[in-house]
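Presented sequentially are two complexes of chain A, the first with chain B as partner and the second with chain C.
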Partner chain A sequence: MNPIRLIAIKERQALLKDQRGLIWLLVFSIVLSTFSLLLISNTELSLLDNAQVVYLLIGTVTAAGAMISVILGSDAFAGERERGTLVPLLTAPITTAQLLVGKAVGLLTAWAVMYLLALPYLWAVGAGGQNLLQAILYLALFGTPVVLGFGALAMALSARTGSVLISLMTSMTLLLFSAGVPLFLDPSLRDSAIGKALDMINPFATALNTYDSVVVDSEAFSYQLLRLVLGVAWLCVTLIAARQAAHKPSFR
Partner chain B sequence: MKCRMTLLLLVVFVLSVSAAQAVDISVRLTPDKENSGHPTMGDTLQFRSRITAPSDRPLEGVVAWISLVEIDPGQEQPVDLEDWSAHKAVFAAHLEPAEELDSTWSVRLIKAGDYRVAISVMARDQAPVFTSPTVKFHVFQKPVVESRRIFPVAIGVPLLLLGLLGYRWQASHRRNPI
Partner chain C sequence: MVIFMENIKLSIDGTRILDDVKLHVETGQIYGIIGPNGAGKSSTIAIILGLYVADSGKLELFGETVGRPSIETKRCIGVLPERAGFYHWMNACDYLTWYAGLYGGLKRSIPELLARVGLAGVEMRPIGQFSQGMCQRLALARALVHSPRLLILDEPTSGLDPRGRREIHDLLLYLSREQGVSILLSTHLLDDVDRLCDRIGIIHQGRTVLEGSLSELLNSQDTGNDFRLRMETAPDHTILPKEARLQASIGGWWHLHLPAGTDPADMWRRLMDHGWRIQEIRAEADRLEGLYINMTHTAGSAGSEETI
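This part shows the complex of A and B:
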């Protein structure tokens, strides 16, 4: 069997059949359930229209997806090393590039499962409102580079440092910073030249701005092209970093 | 008596001078014909205003802005327009005598209830504020998030995963009983 496929299947099984993977999915669904129940129990939130709610939900799905992706990515090389399975893997007839692609496909599968889990929630809060289908489509189109990018970044750090803890802490800090800037920075500050530049290089802000533009403001795909390019560029940069790091993984 | 007459004349003079300087700006406000007859939360209503400068003098630095007031009994209060309208004011640097300034105001309906909307105008050199007659409208409630859809999903999906987790745990426990 193709080694990439073999590793991807192993990663998929770790998520869907292993108890630890299922616990992550359970946590993911509890986050979405809490958010949905909050909407109907809070008077202020229940005044939001469907588009606004769908926008908030797909932002939450992207953030939670990126978090789980970071956790899985941090485990990719350093976890193998800590379990003592990295050396047998590297001595097997498989290149580091194949190993990386297999792990990346595993991440993609994990994201696909989370995406599928999010669909009933999106239907529950957004049915009958505007732009639900667009929200589902744009979550796939713009959420995927963000989620996989953070996973690849975690894989790069995981291979470079050889420590699950260090790669997890570093990637999680970067993710929190990336997600926190658009949430906590005042809109007037984000309108300044520096704020706009920060938004441009922040993959999470790029995805959130797209969701807002499409779901709330009903703007066309042509407005989103530059953002899509930025999202794909983020994914490419992190994948290249992961590939560079995977060539010489740390055994310390 | 003579002193009182002088004072009265002075008051009349001051009032007449003030009246001559104050000019009436006419402001009209009408709902758009295309507006929904049953406006509900999430809809957008449009209102058209026409500001007419006085016929005898130009106006400089004219600013018009929209105001919205909730008038539900016990809830009477001005509404913060942040979510309701992105277009909150218009400005005209100069209006010739009798010149008209037409504007369209979009209002996104965020909350159910009874409201009155008005346009106010002032010019740089005019002390008074001129306000259009108000237009009343009612926003119908729209259930934005439906609990009957959310409950089964919010409870069902974690339960399903919990069941799967329990099944996996039992299966692995059967394979490795110790």
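This part shows the complex of A and C:
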């Protein structure tokens, strides 16, 4: 069997059989349940436009997906090292590139599971409103590069530092900063040249702006092409960083 | 020759770790690397496995010069690292089947393999429930799962009870003598080396200070004799020959190393005449230990333990 497939199968088993993987999926479901319940039952939030509710929920799914991706990515090399399972992988007849791709497929699988878990919640809060299908489609199209990109960044740090704690803290800080800027930056500042430039290089802001344009403002796909390119570029840069770091991972 | 290593040098973060390591392992031979903590044994193994690339020197595996071993070369090597880690949610059978897949698939039956390493009947038990000794045996099964031509073992008997150690010794001897598997063994246990190894290399402070067959080395290096003495009071050691070493131990016992050519009986008489109140003398007959201590005797040589 192809080594990439074997590594990916092991990663899938770690997610679905190991208690730690199952706990993260449970946490993800609880976050979505709580958020959906708030959107439907809270007096003020329930007054929100249906499209706004869907927009908020897919933003939350992307953020939670990126967080879990960062946790899994941080474990990718450093966790193997700390468990004493990295050396058997590095001495097996597979290349570090195959190992990395297998791990990345594992991240993609985790994101796919989270995406599927999110669908009923999206249906519950957005059924009957506008642009639900577009929201589901754009979550896949724009959420995937963001989620995988942060996972790849965490994998790069994990391979370079050999420490789950350091890679987790560093990539989580970057994720929180990336997610926090669009939320906490004053709207007038976001409309300035600096704000727009920040939005352009911030993968999370790119995804949120796209969700807003498509789900709330019903803009066409052609307006989102540049953002898609930026999202894919973010994914490529982080994957290259992970490839470089995984070539000589810290194993001691 | 399975492993040919000459003049290997390695620096990590500006610190010289290896400085002239050599190692020669023939087909079917069991080669023991011994040395104090931090001497460079694990770094030497890491170079052979391609985890580090040497700064200079020559490394040949199966007759081919390598920097890092190729995928094909890796297929011929089985590794037991010092830390035997596993995925605890898997059972032994699933884990070995999965790991064998990385080598192109199973080449032997899992129950038979587990029985060989003393783990019969635990195929379906989750690895999380294994004891340390069972994990060590499973790690050996993992190293053997693809029937390698070269086994590289770092502390293979650590965590095993005496019976387990004996079983692993027997298995390694069988693999070497009957199957022609070459084995490179790194260990602190000189008993393992004495029972198993055809050839040894002593590494000290990043250098191979001695290499050869065990019998050759013991015969060529007359290292003197070691004794344990029990005495009531601290003795006056100025009477001892210059090359002798006296070291206090616990409970009134002292270690005494007498250099080659010293007649012990004559020495005891002289010491007693000079007021040594010796109550008991025990000879320490382990010549390999004497050789090892002699070759690695440097004040404050103990460093941090290295692991791969």
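Methods note: the second predicted complex is superposed on the first by the 251 of 252 C-alpha atoms of A that agree within 3 Å, B and C clash if a C-alpha of one lies under 4 Å from a C-alpha of the other, contacts with A are read in each partner's own complex, and residues count from 1 in each chain.
As a working rule, a contact is a pair of C-beta atoms (placed from the backbone, for glycine too) under 8 Å apart; a residue touches a chain by one contact, two chains touch by 3 or more.
This structure is a prediction, so every number in the text was calculated from the model and none was measured.
Undergrad: Look at A:P120 in the shared chain and tell me whether it touches chain B only, chain C only, both, or neither; answer first, second, both or neither.
TA: first
Undergrad: Just checking: does A:I40 make contact with chain B only, chain C only, both, or neither of them? Give me first, second, both or neither.
TA: first
Undergrad: With both complexes superposed on chain A, which partner does A:L198 reach: first (chain B), second (chain C), both or neither?
TA: neither
Undergrad: Figure out whether A:A14 sits in contact with chain B (first) or chain C (second), or with both, or with neither.
TA: Touch partner of A:A14: chain C, not chain B.
Undergrad: For A:V216, is the partner it touches chain B (first), chain C (second), both, or none of the two (neither)?
TA: neither
Undergrad: In the overlay, answer first, second, both or neither for which of chain B and chain C A:T91 touches.
TA: second
Undergrad: Determine where on chain A the residues touched by chain B overlap those touched by chain C, and list them.
TA: 17-19
Undergrad: Quick check: in the complex, which residue numbers of chain A touch chain C?
TA: Listed in rising order, the residues of chain A that touch chain C are 1, 3, 6, 9-10, 13-14, 17-19, 80, 83-95, 251-252.
Undergrad: Okay, in this complex, where on chain A does chain B touch?
TA: 17-19, 22-23, 25-26, 29-30, 32-33, 36-37, 39-40, 46-51, 53, 117, 120-121, 123-125, 127-130
Undergrad: Show me the residue ranges of chain B that touch chain A in the complex, using the header's touch definition.
TA: My answer: residues 41-42, 110-111, 142, 144-147, 149-155, 157-158, 161-162, 164-165, 168-169, 172.
Undergrad: Going by the contact rule at the top, pick out the chain C residues touching chain A in the complex.
TA: 46, 49-51, 71-72, 74-75, 77, 79, 81, 83-90, 98-99, 101-105, 142, 306-308
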